[in-house]
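Structure incoming, see below.
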Amino acid sequence: MTDSITLDSTDTHGHSDHDDHAHPTEKQYWIVFVILAVITAVEIAWSYMGLEGPALVVPLIIMMVVKFLMIAGVFMHLSFDSKMPNGRTFYLCFGAAMVLAILVFLVVLAAFEFQI
Amino acid sequence: MAVIEEPLALPSGTTKARRPLGAFSRPRNATGLVDWLTTVDHKKIGIMYGMAAMFFFIIGGVAALLIRLQLAAPNSTILSADTYNRVFTMHGTIMVFLVVMPIGAAFANYLLPLQIGARDVAFPRINAFSFWVFLAGGLMLNSSWFLGGGANGGWFNYAPNNGAAFSPSTGIDFWNLGLFIAGIGSLSGAVNLITTVLNMRAPGMTLMRMPVFVWMTLVTQFLLLFAIPVLTAAQLLLLLDRQFGANFFNVTQGADPLLWQHLFWIFGHPEVYLMILPAFGIVSEVIPTFSRKPIFGYPFMVFSGIAIGFMGWGVWAHHMFVSGIGPLSVTAFSVATMFIAVPTGVKILNWLATMWGGKLILNTAMLFSIGLVTQFTIGGLSGVTHAVAPSDTQQTDTYYIVAHFHYVLFGGALFGFFAGLYFWWPKIFGYKLNEKIGKWNFWGMVLGFNLTFGPMHILGLQGMARRMQTYDVSMGFNLWNLVSTIGSFILGVTTLLLFVNAWKSYSEWKAAGRPNVGADPWDARTIEWSIQSPAPEHNFDVTPTVSDLDDFWHQKYAEDDEGKLRQVATGDELAQPGNGEGVHLPAPSYWPIVLAFSLPIVGYGLIYSLWFCIPGTLLTIISIYGWALEPADDLDIDDHGHGPDQEMEPAV
Amino acid sequence: MRNGLSHMGKKFGSDMKILQSKPQLKLGLWLVGFLGLAAACADESKPLNTFDSDGEGQGPKATEIEGLITPIFAIAGVVFVLVIGGAILLTIKNRVKPEDYDPEDLPTQTHGNFSLEIMWTIAPAILLAVISVFMVQTIWDLETKNAEGELDVMVIGQQWWWEYRYDVDGDGFYQDANGDGVVDEKDAELPLTLALDPDDVVTANELVIPVGQQVDLEITSRDVIHSFWIPALNGKRDAVPGRVHTWSVEADEAGKYTGWCTEYCGLSHARMRMSAIALTPEDFETWIANQAEPAEVPEEDTKEWRGRETFAANCSSCHIVDEGDFNYDDYDPELITKAAPNLTHFATRSAFAGSIYEIYLGDKDGDGQDDTDANDNELDVSDYLILPQEASQEAESSADYRANSAQLKRWIQNAPSQKAMAPDEQRGMPAFPGLSDEQLDELVAYLATLD
Amino acid sequence: MTAIPVEDAVEVADDHGSDHHDDGHHTSLGLSNMKLAMWLFLGSECLLFGALISTYLLSKARFLTEVLAGNPEVLGTLPANLIEEFQAEGSVEPLFDIPFTSASSFILLMSSVTMVFAHQAISKNDQRNTRLWLATTAALGSVFIAGQVYEFTTFYNEGLRFDGNLLGSALYTLTGFHGVHVTVGIIMLLSLLVLAFRGKLNQDRAETLELVGLYWHFVDVVWVLIFTIVYLIP
């Protein structure tokens, strides 16, 4: 929320937000899709390696986060929209909720896991 | 749910709007009841929120008096154990979800657009839907009184006592589905109001020029937006457990009942703050106005509110200190809880600093505000004493806690709301409330309130546990319980003085030929006082341009050559005339109320027979499409200022 | 006047100062004053008091909690006086009478004072940080456990009474759930059953503990969440089904300490009470040795014998009386949900029906004196507990004579009328309207032999 | 107070801020109301799915503990072969058919790409491609749902019941709730498609399509999480 205070600009006439500024091209979308597909393939392969514990989980989580960021950033235009004036408001709304959800529920799971 | 369907609300673009089917047309020239049922005006919706909340307030209040009557003497048999359990559960549920939250929503709805200089909220139809769906959920919850008795699991409804095995009657189903439906309203309301505040401010109204009330409401709505889904998830699990035999809270299958507690309190603690923050916002408007000084330390007021909003997410487990979460968790949450007292304390001190050196006008609104500052302080201090976890192991689930949260929610939130009612009443209805009755109202409530809840501190420390249908003579609780019961009746009667006051002030005003109270009866500070009272339907004739915090006040007062502040104009001189020529307003719509009341039909179906869900679901789907395809306006009405070639877009 | 009361009274009283500015409400103030005085004079005993700084009759854990909270109450009291006093003073000092109102006469327009505000942000934070240090210390102190091999008790909550299992043999296990005759870790993994470790003892309603010794509790529940709380001995801890929570109690003095369930647990939550009875170590040894004995079978064709027959026909599908040959394997596992107090040593207890009724009335120990004075702090253990050697000194009929037999009969005949229960949903004791007066007499006589 | 000319000030309240060609509409942040609202809604959905995913993780852990300890109440809800496999593996992995689910995950991922193409097409006012890509997206989503239905029947045939044990309740609820979201998305896509065929989905409504797209991508993102957390890390 603090972010948006510095970003605040009611005096500037806002523009409609997505007609002029750059969105990815068709080619870029395909590239992202191929990367996503490759990561998914690696994930599946990794899960068949017979690893256990952190060796299994940590790389999978990392790949999951990368996929998440690519979809949110490119397909949902977050990384493009956020370059607009005040575009960071999107981060505020969505990012705050993401962070909140992750933190809160990690604490809950930790409380159950360790019972301390 | 309907929010999901928003994108279907298609703007008609350059194509000329037409009426797809007769039924989809907007209500025309609605008057009377139909006007209220189909309105999308944020002010009317705000008033309806307030009235609905007052209606539920009376039900919840009667439940409270029944509780106190039962506890007035030991071994009393006025209420049976079963009835008592239902009454205290419904009292808590109604007061939290159907009284304090919607009063906050009422003020937010009425005031937000006025205080930021907007014509309406961002999505007027969703706004109407939020209200109706809240009302539908609330009525469904209360219908359980007649359909087998209210819920009996406590407002927190801990698993596994909320399961079908331990509570086979339908009360908890009504609790679950009623709040589920009301929660949809809170969620869509939150999306709507946040968008409104962020996006619809008048030119020059930067975030740091917004009134504190707007800020507190913004924080509140963010809390709602993120907290309600967690409760919804918990309620979904409970619904599946009770109606479809799932095992989420079935201990024989190895389930952990603490899951419910975590989910409930992750919602429940932000809930506490979202009940109190709007009241903080209200007194932050009232105290400066009647101290004739700006709020002391505006940035601190704003940031402490934001800090409370953030920290409110990290303290939920302080409701669970004795539930066996382990010493490390207890330590962490205990320390976090202690520190949430800091921003709250900052607020209290800043209000006092605003009064410092001020010239106080002690009318009823101001008295209630000072009432909040003092009574809430008591609740805050008792809160710190049981933030100390070892101490909480003695105090939790005793009347000490009951005293604490009533000081916070009644002495805090409700006193704040009463201050707001007395303050904004002339803006809303065009006449002032009677000051004499108002003062009786205030002093009676202070007396009754402290007599009711003050002794509960003592009872709690003497070991009287909560949610007890009865107690024994040998426990030594007799005296203070009697005092508390006497106090509760004083409180009940004096609270009703508000209604007496409203009725009497109105009759006198009417008898006097409805004299104009003026745009600015209090010499107030924010821009909602720059329009006529009652606020005209179109709010502002021209959108104001804001250049300062408390912009309206700065237009009235300016420094003269010697640097002394002088009144350069009165509020009424500056006020807009209320001429709505050329202002286009969104047309009313049937669909919000139809959609809202289709949901309880599905709810009753889930409780009684799944077949019943089919018509409910059909109606829901029809309403969503009806909503989406509805033309922007009643096509037969001439819309001022907008030619037919200009686009007409459905207000979402 | 107890300190807790006086402290809160003070808080309450000064809060009322706000009213003094309004003469018409002086009456209300007088009323409050009068009631406060009445409260001070009323010499009611407060058996559940949590804030009792004379420390009498409290265990060390409760005393430690109180030692932590007392200065915090004092600090809160100071802040309270400053803030409320400040608010009232400001209100009185700065008020402008309506007739003196002048729109031109504005007060100085202060917008804030950064350093002042920073100060009153940081100062409370430091104060709270200091409090936190002591608080964290206490949190972990309260968690300290005995070394292995000391007395452990499993506390099991059930709607609406408490069961206690004493780990007499110190193996850490409480049940032989799989019925293989060996009590081991496998049994601990399994859900709670009625089956007891044959070397342990089981009792209900009151927890008997030795004086001056920390007793570690393992708290759990058979149905919904309850909370175990004996205010004079320690704070509370929830009994959650499927989880075992550790907690401990310790009493400095012999006596009876009462408490009640503090987590809302359904219909008869208000009537789920409990107590702890602290005995001297010698008395405790005697008591536990007696508890380990099986019940005696009454002589044939006596009144008690016939009572035992009635018991077998009506009560034994839920209640256990272990006469030494009890086989848990024979027990219908379905009945676990209906588990009811084990009555093997019923007559050594002081209360029944979830500790809401006393078993013995008036002259409890048969010494010819009435023992019902609840304010008697000079607790004589025999006031509350019939120990075997005393019982043997009594005339045969005296136990029956002293027993609260009228209430006991009412209870057996129609328990749901005495305490709200839901026997149809297998929660609580059903009514037995078919029992004749004679049968009830015999049943009570039989129960009186279970010592 | 500077009075603004009425023409400018009449900023009708029902402005939902879709992209207009005239400069009349402006919002304080310069972002459209609808888009902001959509992001807010998706933010609150994060908390909802967070709660459900946590519930699944917890329930599965508790279920495994009970199975490994041999709690008869839990074992009674499962066929013997499944119990043996769970106990042998120490995880619930034997339940899943990873290649199958991978394929359906891939299809959902694919539908996100077709969705962005639909948005690109409408931005260029390319009606034909808009319809094509919308239809493809809806079809891919439907294939995913069909896959989920097939998967549910497989689970059911393997002996996992919704009302049997914790794993059944949690797994069906989490994936089913996601499936409901996908279904709602498909309905929205089909509604757009109907509009497109009636010639009412033109460039002015690009934002509507973009909002449906945001929702659709969000549902996809949630599946990315579920696929890893539920299927790959059993």
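Every chain is named by a letter (A, B, C and D) in the order it is written, and numbering of its residues begins at 1.
Note that a residue touches a chain if its C-beta (ideal position, glycine included) is under 8 Å from a C-beta of that chain, and two chains touch if they have at least 3 such contacts.
Just so you know, these numbers come straight off a predicted model, no measurement behind them.
In this view the innermost chain, defined by its CA centroid being closest to the centroid of all protein CA atoms, is B. Among the other chains, C has the CA centre that is most remote from the centre of chain A. Separation between the centroids of chain A and chain B, computed from CA atoms only, is 33 Å.
Chain C and chain D have CA centres that are 50 Å apart. Put simply, the C-alpha centre of chain B and that of chain C have 38 angstrom between them. Multi-chain contact residues, meaning those touching two or more other chains, occur in chain D at positions 17, 20, 27-29, 31, 36, 40, 43-44, 47, 50-51, 58, 71, 73. Among all residues of chain C, those that touch two or more other chains are 191. Residue positions of chain B with contacts to 2 or more other chains are 194, 198, 201, 203, 205, 225-226, 252, 254-256, 258-259, 266, 327. Applying the touch criterion to all chain pairs gives A-B, A-D, B-C, B-D, C-D.
Residue ranges on chain A touching chain B, taken from their complex, read 1-2, 4-5, 8-11, 89, 93, 96-97, 100, 103-104, 108, 111-112, 114-116.
Those residues of chain D that touch chain C in the shared complex are 69-73. By the touch rule above, chain B contacts chain A in their complex via residues 194, 198, 201-208, 219, 222, 225-226, 256, 258-259, 262, 266, 303, 306, 309, 313, 317, 325-329. Note for the complex: chain D touches chain A at residues 17, 19-20, 23, 25-32, 35-36, 39-40, 42-44, 46-47, 49-51, 53-54, 57-58, 61, 98-99, 102, 105-106, 109-110, 112-113, 115-117, 120, 123, 206-207, 210, 213-214, 217-218, 220-221, 224-225, 228-229, 231-233. Those residues of chain B that touch chain C in the shared complex are 80-82, 85, 152-154, 158, 160-161, 165-168, 251-252, 254-258, 291-294, 296-300, 322-324, 327, 330-331, 334-335, 338-339, 341-343, 345-346, 348-350, 352-353, 355-362, 370, 373-374, 377-378, 381-382, 384-385, 388-398, 443, 446-447, 450-451, 454-455, 457-458, 460-471, 474-476, 478-480, 483, 523, 557, 565-567, 570.
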